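Look for chain A in each of the two complexes below; its partner is chain B in the first and chain C in the second.
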Partner chain A sequence: MKEVISKNEKDFILSSIDKYTRIDGRSITDMRSIKIEFGKSFGLVEVQLGKTRVYTSITCDIVEPKPERPNEGFYVFNTDISPMSSVSVDPNRGNPLENELGRIIEKGLKESRAIDTESLCIISGSKVWSIKISIHILDDCGNLLDCASISVIAALLHFRKPDVTVIGNEATIHPIDEREPVPLSIHHTPISITFGFFPNEIMIVDPDNKEESVMDGKLSFLVNIHKEICGVSKGGGTSTSVHQVLKCSKIAVIKAAEITLQIKESIINDIKTRQSSINNNKRNGSGFRNNNSKNLEMVEHNK
Partner chain B sequence: MDKLVDEFVVPGDVIGKIGDLKVRIGPGLLQSKETVVATKAGVLRYSKFHKFYWIENEQKRYVPQVEDMVIGTIVEKHAESFKVDIGSSCNALLSAYSFEGATKSNKPLLNIGNLVYARVTVANRDMEPEIVCLSQKQKAEGFGQLIGGYMLNCSLGLSHYLLSEDCYILQVLGKHIPYEIAVGVNGRVWVNSGSNINTIIISNTIINSQFIQEDQIEPFILKALETAKEQNQ
Partner chain C sequence: MVKKQEFRRLNGRTQGQLRSMESEQSLLNKADGSAKFSQNKTSVLAAVYGPIEVNSARKEKILKSYVEVTFTPALGNTTYLDKEKELLVKNAVESVILTTLHPRTQVSVIIQVYSDDGSIVSCSINAACLALLDAGIEMNGLIGSITLMNEDDDEDNNKCLMIVDPDLNEENNSKAMAIFAFSSNSNNIVMSKTIGTLTEDQYFECLKAARGCDSIIAYMKLAVKNRIMGQNN
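And then the complex of A and B:
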């Protein structure tokens, strides 16, 4: 089923944007608020961009490398759009957006060398890490790409893989509770900023789902904190003038820096709370959860 | 049956005995022999005027119910009828003759994408719903095409609240901005006012009213009006 937008809404959105106002009260260069939440273990992140919601989980595995590239590991991207996210998703048919989304983010990361596969090597020719990144779209209220890109970056920065020591041809994997796990080597973080184009050369940052169904075209920039453009994606839509693209890129650079700082800040906060809870656990001699389970057992005995 | 009104109920709760009460039961309630049982979690509501019981919660999916007033978007146009999207699982049927004064030679001029305010007349789980743009007295009385304005989507609970007699938000909004409104119980609200900015302020106030305290609503509107004024200058 296709989501229909009425002519009244369409006319209203277009006439508002013509006066540089948007239906949710934002100005044309405002993004919706970003909320980043971390899961229980490393690499589980849920990001909300307004009402759009994306959950990314990262897992790692040890596999054998390809024989032609013996010291390169793997980054595997997997996208899943839940049928609950929007009415327009048809679970019986493949969703072209599913492939597109993961591929744009993957390309932005790999081709700008933000992630390198060589650092994932444990023993050349026999053992390498394979990092699996699963992107789950939980709620689609517009601008999926930006939300997914923020969640992937946050998850990659947050993820820790078990420490490994190699002696000769023998590798030992230390469990997370035995030795501090190590972060992935991420050189920089390209973040996607999407622009929606409207008549009269007006463009808006972070279009929501109603604006997306009305706009003429969109353009996404992948920008890192060093003001480097790591990728540009434009799938169809109207033609755009040079100065419009340049203007977009300037806005994208500013926005990306803001978002990157927010991601880093939330990760630092999360790591801090984790460490303090670990210290508390050590002091108590048992974790919070153990305490709870003990109480539960006692309750059961009493019964 | 009265003692549970405005109380929170969960699925399986026995609401009361039917006996010889002459009432109608609506969404979330089920008659099982002599008793009425709740089938979803929410607050039990009662309308004295319609002698009608229903359960209200913050769900988004609309399930059609006879006598509901809904807002729909025309999605298909046929010779003597329209298909209308009212947010239910199946598109509703709107006959071209169910408008005031419509005849074979004088049909309403509606196109795909237009909005209509209508009343549900057939709501059966095995059939597609049917809607008409006529009141029970076979008059227009506000039903029909909605021209201009903007339609916003909200939860079913909020749309029911907007229709209640003592709705605070709409009264406060009316003090500051003159506007027109049509509330569909399918979670769609159509608003229109003198300017786009005012319509935006109204729609944002309605959407955000769920998350702000009642005494904060008026300052919220005033602040929005002020910033709009500044932007204009």
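And then the complex of A and C:
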């Protein structure tokens, strides 16, 4: 998937990074701007990190649990690098990057216990929720992992599943327009921050596609807002000193906190606009119920 | 489901009323052309690469360019149903693209569904047309598509209610569905697909109603005009 660039351009990027400047004018510890947009239903999120664009959609189903784990639901991740993201993607062939990307995000969430499958149980042994998360890479302009990780977190926080009442062995599912849907239980939000390494022990945050094609190696940290490292991924590349890795982790902690706040803010804003549009509809006399009144409190509670 | 007396549908639209359309062009950076087309909750993103090198020699055509359409649903993997939609979109757009201009090349159209709330094939064709325009692929006209539906009615089979641009709720209650695509230059049908049973009369009735919906092509012209004028300013 590496982009082919000319030798002159490569030399230019390297020489400017040697002077601690980058071709798009960022400083070496700056991320590109993040834009989060929500779809018309819950759990549809499009995130832009600079020009990189990732769309994540979440839906839920009720399924039967595995017999050996009767009270655990499922989180199913599906990563798709769309052929529209770059000319070099062949739709008829599997892409190894696809699996790598999905696995890092999935492991980061599951193994740090950010999402737990036990909270998805409705009736032990017969009915559990299965949450399907589809990650679509739409535009590949570098640092797919960070962009995908932000969009997954935003989608998980934004998603609401229908409310269920259980009496004995009977479960009633209340459709979204009948009763307030409930958010997923997300304990914390590990966000990936990627560093690119260059000669002379220089490292940059959030490499774009041109920088990715000339850098020596990269390192991704999955960090949550409590300053805990939930995963580190360094897939080959140049060897890095311990000192440098520690420096990266410190930067990652700060960046992840900033991004987490931005995601939460945008979700609160989105729910506010939803609420006001529903209120407007109510005033105009159409038959909408004001069923979003409690959402805002729930999001704040998640913090 | 539909209150017959007032001809109002459950979603508040009248029989022949389309959903409000929205579009955005050139939103992707890597693709040669891209467009997002939404009809209320149905939303589709289309991207076009072309003319590019054919990715497998087997598909190369000596006299014209090969049109490839990839359709990805919002959730999960592509199934045989998506392959069918792929083919419908391909047949429709292939008829307006001037494929003979660039022999031994490929034009890739990639459709990504954002959310599906009915009439997804029509929405995909409309998005693909806007994306092709954005990519500057030579075409002999615009292409607009519309879905019509005959409602399932237990009481009276002959008086089925025909509605335009159904949403998912209505599609689930359909007796028959008809998808049409029209080309703007000759105003001829380029694609027609029916699902379910409908009588000959009903088919022509649908066709007549579909003809009245050139507002889609008018909308596309306006969208492209707005974008180009905006660029000049």
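The definition used in the following text is that the second predicted complex is superposed on the first by the 283 of 303 C-alpha atoms of A that agree within 3 Å, B and C clash if a C-alpha of one lies under 4 Å from a C-alpha of the other, contacts with A are read in each partner's own complex, and residues count from 1 in each chain.
Everything below uses one rule, namely that contacts are C-beta pairs under 8 Å (C-beta built on N, C-alpha and C of every residue); 3 or more make two chains touch, one makes a residue touch a chain.
Everything numeric here is computed off the predicted structure, so don't read it as measured data.
K.L.:
So, does A:214 touch the first partner chain B, the second partner chain C, both, or neither?
P.N.:
neither
K.L.:
Under the stated touch criterion, which partner chain does A:25 make contact with: chain B (first), chain C (second), both, or neither?
P.N.:
Once the two structures are laid over each other on A, A:25 reaches chain B alone.
K.L.:
With both complexes superposed on chain A, which partner does A:132 reach: first (chain B), second (chain C), both or neither?
P.N.:
Once the two structures are laid over each other on A, A:132 reaches chain C alone.
K.L.:
With both structures placed on chain A, which of the two partners, chain B or chain C, ends up touching more residues of chain A?
P.N.:
Result: the larger residue contact count on chain A belongs to C.
K.L.:
Applying the touch criterion given at the start, work out whether A:257 contacts chain B, chain C, both or neither, answering first, second, both or neither.
P.N.:
In the superposed model, A:257 contacts neither chain B nor chain C.
K.L.:
Taking the superposition as given, does A:7 touch the first partner, chain B, the second, chain C, both, or neither?
P.N.:
Once the two structures are laid over each other on A, A:7 reaches chain B alone.
K.L.:
Check whether A:84 is in contact with chain B, with chain C, with both or with neither, and answer first, second, both or neither.
P.N.:
The second partner, chain C, only.
K.L.:
Mind sorting out which residues of chain A both chain B and chain C touch, each in its own complex?
P.N.:
none
K.L.:
Considering the complex alone, what residue numbers of chain A touch chain B?
P.N.:
4-12, 15-16, 19, 21-25
K.L.:
Along chain B, where are the residues that touch chain A in the complex?
P.N.:
That would be residues 73, 75, 85, 111, 113-115, 146-151, 190, 196-197, 199-201, 203-204, 224, 231 of chain B.
K.L.:
Which bits of chain C are touching chain A when the two form their complex?
P.N.:
Residue list for chain C touching chain A: 12, 27-31, 34, 40-41, 43, 45, 47, 49, 52, 55-56, 68, 70, 72, 74-77, 108, 110, 112, 114-115.
K.L.:
Write out the stretch or stretches of chain A touching chain C in their complex.
P.N.:
Within the complex, chain A touches chain C at residues 39-41, 44, 46, 51, 53, 55, 57, 59, 78, 80, 82-87, 90-92, 132, 134, 136, 138-141, 286.
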